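Same chain, two partners: subunit A is paired with subunit B first, then with subunit C.
Then we have the complex of A and B:
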C-alpha cells in the first residue's frame, strides 16, 4: 500500500509497512551524500525516493518527540544484522528532523574517515595529530548544502579562531563564513570542522528565540573506536585518536551538551577487522567504545516482517521492477521470501536480477 | 577356468581329501606325491575350456547340501531353515578376508551358481546330433526363431479363420508391455547358453515385434513373457523416514544426507514459517552465496511446500557446496514422510533429489602431479 503524500505524523501501528515519498527538492538538500548507494541507484531508476516506514524508525521518532531537551543529549544506537535497514531508518529519522527544523549534522559513514585516505597531513594546531583535508572539505560542502539557512543567518561564532599566521575568523561572524573558509582553504579544513562542532555544541538548545535543536547522526559509529587501516610515513599504524576529525567527533558524541540528540548506527560492512557475524553493540564497539557510549538507548533493527515483506513486494510489482513473469506469481513470491530470508538488502539485490 | 579362480569349499568341509596317488612301481607301497611329475606334459590351452559333466555337478550339489547342514550344526543353527544368506554370513565369519575384490573372497554356493552353464552332450554315440538344427552352430537360438515364426503363421491362420467366419473382434486384446523390457543380449545368451551376434539379436527383436503387431497375439502371451524382464518401480524400494510428534503437537521427521565429505542431519517440523537454521545460525548467514540457498530451497520448492516447514539442520565436513548438497539430500529424504502419494514420491525420485551424488575426489596417481595432470612432457 502506498502513501504518495509527503510525510505527516500519523498513528503508529497503521503506518508500519507503508511507503512515503520524499520530494526531490528536499532530497538533494537533506541527503547530498547520506543515503546508501543502492538506494540512490533505486531513486535514479524509479525517479522518486520512496522510503518504507518501519518500526525502528517510528520508535526513534517517538523518542525524539518525547525527549526533554533541557537535559543532556540522549544517545541512540541502531543495531542489527547486515542489510537490515539501519541506515535507511536513520535517514528516515533525519528527514523527520529536518522537516521539524532541526540542524542536522550527518556523517554518512564514519568508516570512510578511517580507511583509504589519500592524503594525511600533520595537523597545524597539534603536532601529534593527523589531518584529512579531502574528507573534511567534502564533508563541509555537504554540511553547507544541508544547513544553508542556519549558517548564513543565525549562528555566530563565540570566539576568535586563528587558522594560520595570516588567516583567522573573528568573533561574532556567521558560521557560514567559517565553513566557506574551510572549503576554500583545504589545509585547515579539519580544524574548521573541529571548531564548527565546538560552536554547535555550545549553542545548541539555548533559551533564546532562534534556538535550534541539533541532531548529530553518525553512521558506522564503531569506526571511531576500532582500528584504522592508515599508516604514518614510518609505517607505524595510526590509531583513531590520532586523527583530528575522529577526535573532534568523539568529543561531540559525549553527552555533556544539551538541546539535541545523538543518533548513531553500527555497521559491520565497512568495518575493519571485524567478523561478518558480529552485529551486537558489545561486539562491534569493543570495550572502549561501549564504555564511551554508555549509557545509550539501543534500538534493534530486524528483517522484514510478513507485512513489510508483502509491502515491499507489492511496491516492486507496482513499479514494474519484477519483469520475470514467474516472479509475479504466488510461487515466485514464496521463492523470494525463502531465498532472501526476509532480509531487505538481499531482497533488493534478488529483485534487481529479475 | 572360471571355477579355479574362486575357492570352492564345498568339498573342503567334507574332510575327504583327494590324494594324487602315483606309484611308479606296482609294489604295495603307496607314495603320496603332491606335485605332478614332469613326465606328463599337459597342454592346458589346447584342451579347451574345462568341461563339467552333469554327474560331476550333481555329485557336488549333494556334497554342497551335506556341507550346508554341517555348517548349520557348526554355527549352532537349525539345519532345516538354513538359507543361502545364513551360509554367506557364516562363511564371512569363519573365514574373514581382507581382500578388496569381492569375487576373490571365500564363497560357498550351490554348484549351479559357481560352475558355468554348459550344454549337455549334443550327439549320440554314433555321432548323430540330437537337435535337428545342430549344424547351424547355435541350435537353441535358431530353434526359438523357428518356434516364434511357427506361432506367427499359426496366428495368421487363426486370423484368416476368424475373418472367414466373420467374427473379427474390433478390439483385440493386446499384451501389456508396460513395466517390462526385452531381455538384453547378454541375458539372452545366458538363457540359451550360447553366443549370439548383434545381428542375430536384432533379428530376434524384429521377429518378436512382428509377432506383437498381429491382432491375436494375446494367445501367445506366455511365450512372449518368457523373453521379457519385469522392471520394478524404483520408488517402492525407497526408505521413507517415520513421522514423530513432539510435545507441542507438531509432527517432525529426521533424515541424513551426505555429499563428498559433508554429512548433514536435518529435522523438518510441520506448521512452520519457512525458517531454516543451520548449525544454530540463520540460513542467510551460514550460506551467503545465493547458489547454496537455491540448492537448499529446491526440494521444498519442487514439492510445493515452501512456507510450510521449519528446518533445523546440523552439518559438518566438506566445503560450502558439499554442505549445501548434503543438506539438499537430507531435506528431500525428510520431505518424503510428509508427501501423500507414492506417485509424488516417484516424481521426486525422478527429479534426482533422492539420489546420492557418488562423485568424490579422484585419487592422485603415481608418476603424475594430480589425478589427471601430468608432469611436463619433454620430447627428449
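Then we have the complex of A and C:
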C-alpha cells in the first residue's frame, strides 16, 4: 500500500516501502544540490519529492537516534551495487537530521572535486597545495542556503583568520561573515572552507544551550583516497592530498571530534580508475582509505525487496507515469520486474521510456 | 581358351593396326563374358567399353572377391584383424558405418570407397582385448608394486619429491628427441622441515614456481643438454633453496609492512585507530589516563572480536559474510 504523508518520527518500521513527501519549502533549503540528478528531474515532473522509506535509511536513523553525542563521532558507510539507492538513503537521513535541527555539512559528490577542474591555483597559505576556487565557492553557496540560520546567529569564530595581506576575519565574528567573504573573494574560498570546517569541528556538540549537532555527509567518499584525473602545470599527476579541499575534508572525517556523526556513501559511478563491478568497501576505498575510515559501521544497501518494488510500481501507476497499456497489466509488471532485476535506478530508467 | 590367348599374343601387335585392334577388343569382350559366366554363374552384361588407345600393356581388371567381413564370425580374434595401427579398410571392418555430408534428400555415403573414413585416425587396433594382450606381454618386464605403499598418503609421506621425465618414440631418421631432456621436480612444502621465516622466504624466492592452493613447488629444468644433468641441476636447486631460506640475512630485518605476505593486526593502522577511539571514548567517561589502560583495552573480548574480523577481511578478501561480521564487531565495540 502506498501512503503519502509527511513523516513522523514514530513507527518508522512498519512504513518500509511507503513513500513520504518532503515539502517543497524544506526541499530547496535542505538539498540545493544534494539529490541525484534523475531524482531532481522526477521532482520537476511530478511536482513533488516523494522518497521511499527503506531499510538502510531506517537503520541509519535508528543508530543516529541511539548514539551518545558526548562521545567521538561515529562513522557510517553506505555501500552497495550501482543504482541501489545509497545516495537516496543518505538524503533521507539528512532530511531527518535537518528536521531535528542539526547542522548539515553535505558534500554532494566528492568525485566532482577530483576531476574536471577548470582552474587549479597554487594555494595562498601553503605552497605545495592546490586550490580549487570554483568548486569551493559553489559549495559555500550551497552550504549557506542549507544552514542559513546557524551561520547568521549562533556560531562565532574562535580566532582570527588572515586570508591575504589586507583581508582577515576577526575573532568572535559570526561564521556567516566568513562564508560571505569566501563567496565574494573566490581566490581564498578554499581556505575559507578549511577554516569553516575547523570551526565547526571545534564547536559541535558543546554543552551550552545553543549547542548544535553536526552531520558530515560525504557522497562518494572513496574519491578522497583514490587517484585524481588532474595534472599540475608540469603534467605530473596530482594526488588527492595535494588539494586543499580534500585535505581539509579528510581532517573532518577523522573521529577526533564529538557531537555529531559522519555519514558517507561509496560510489563507483563517478569514480576514477575503478571497475564497474566494484562495490565492496575495500575495493573502492583501497587499503589506505579503509585504514583511515576504520572503525566504521558498514551498512549494505540492496536492490528493492518485493514489497518495495510493488510500492514503486504502484507509485508510478498512480502518477500516470506508465503510459504504455501493457505496462499496467500483471504481465507487464512481471516484465518490469525481470528486466530491472529489482534495481531501483534501472527500474526508473525503464519506466521513463514507457 | 584359344580366343583369349589369341588376344594376349596379338596385343603388342595391335599398336600397328587399329582395325586389328577392334577385332581383338571384340574378341576380348566375348572371352570375358564367357569367363565370368563360367566362374560365377551370374550373367553380367558388360557395358560397351570406351575406345581405348592403350599405351601400355593392357592390365586385365580382376573382379573383387567377396569382402572379408562376410567370412568373419562373431567371436573372432579382432587383434588378428587389426594388430597395429592401420588405415580404415572397409572390407575388413564388419560395421555398417556411414560418414560424410548427405547430399540433398540423401544419407551420409556408405563406407565402400569412402575417403573420409580413410583420412581420419582410427583406434581399431586399441580395443580393450588388445590392451589386455599388451599388458600381458609387458608383465614379464615389470616388478611388483611394494605392498607397504598402498595409499597415496603413504607414497607422499615416504617419497615427497616427485620427478617427471618424458620419453619420445617416433619413426624417423634419428631416435633422439630434444624434448626428452626436460625434468620436472614437484615437492610439497609441508613435507620439508621449514619454520615460519624459512617458509615465507622460500615462497618469495621461488616466486612463480610455487602454487599456493596445492602447496607445491615445481622446478622445471631444461637448460642442460642431457637428462641426467638436468636431474642433478634440479636437485641442486632444491637443496640451495632449502639452505638459503634457513639463513637470515642482515637486510631482512628491514622488512616493511608492504612486504608482509599476510595481514598482521599488531602495529597496524587499524589497531592504532581503535586504540585512539577507545581512549577518547573513555576519556570522556573517566578523567584519568593510565599507561596500562592500553593493554587493558586491548585485552577485552570485543576488541579481540574486532581484531579477528579485520584480519579476516584483509586476508581472505571481502564478501558479504565478512563485512557483516565486521559490522557486528564494530557495533559491539562502539556500543551502538
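Operating definition for what follows: the second predicted complex is superposed on the first by the 351 of 354 C-alpha atoms of A that agree within 3 Å, B and C clash if a C-alpha of one lies under 4 Å from a C-alpha of the other, contacts with A are read in each partner's own complex, and residues count from 1 in each chain.
Everything below uses one rule, namely that a residue touches a chain if its C-beta (ideal position, glycine included) is under 8 Å from a C-beta of that chain, and two chains touch if they have at least 3 such contacts.
None of these values were measured; they are calculated from a predicted model.
S.K.: Would subunit B and subunit C fit next to each other on subunit A once aligned, or clash?
M.R.: Because the two structures are overlaid on the shared chain, the partners are seen to clash.
S.K.: Please indicate which partner A:233 is in contact with in the superposed arrangement: first for subunit B, second for subunit C, both, or neither.
M.R.: neither
S.K.: Counting only touches as set out at the top, which of subunit B and subunit C does A:72 meet: first, second, both, neither?
M.R.: It touches subunit C, and subunit B stays clear.
S.K.: Who contacts more of subunit A, subunit B or subunit C?
M.R.: The larger set of subunit A residues in touch belongs to C.
S.K.: In the overlay, answer first, second, both or neither for which of subunit B and subunit C A:63 touches.
M.R.: second
S.K.: Now for A:256: first (subunit B), second (subunit C), both, or neither, which partner does it touch?
M.R.: second
S.K.: Could you look at A:341 and tell me whether it touches subunit B, subunit C, both or neither (first, second, both, neither)?
M.R.: In the superposition, A:341 contacts subunit B only.
S.K.: Looking at subunit B, which part out of 24-32, 132-140 or 294-302 clashes with subunit C after superposition?
M.R.: For subunit B, the listed stretch overlapping subunit C after superposition is 24-32.
S.K.: Check subunit A for residues that touch subunit B in one structure and subunit C in the other, and list them.
M.R.: none
S.K.: Along subunit C, where are the residues that touch subunit A in the complex?
M.R.: Its residues touching subunit A are 268-270, 273-274, 276-277, 280-281, 284, 306, 310, 313-314, 318-320, 323, 326-327, 330-331, 333-336.
S.K.: Write out the stretch or stretches of subunit A touching subunit B in their complex.
M.R.: Those in contact with subunit B are residues 81, 276-277, 331, 334-335, 337-341, 343, 346, 350.
S.K.: Can you list the residues on subunit B that touch subunit A in the complex?
M.R.: Against subunit A, subunit B makes touches at 274-276, 281-285, 288, 290, 293-294, 297, 300-301, 306-307.
S.K.: Taking the touch rule as given, give the residues of subunit A at its contact with subunit C in the complex, in rising order.
M.R.: Going by the criterion above, the answer is residues 63, 66-68, 70-72, 74, 255-256, 258, 280-283, 291-292, 294-300.
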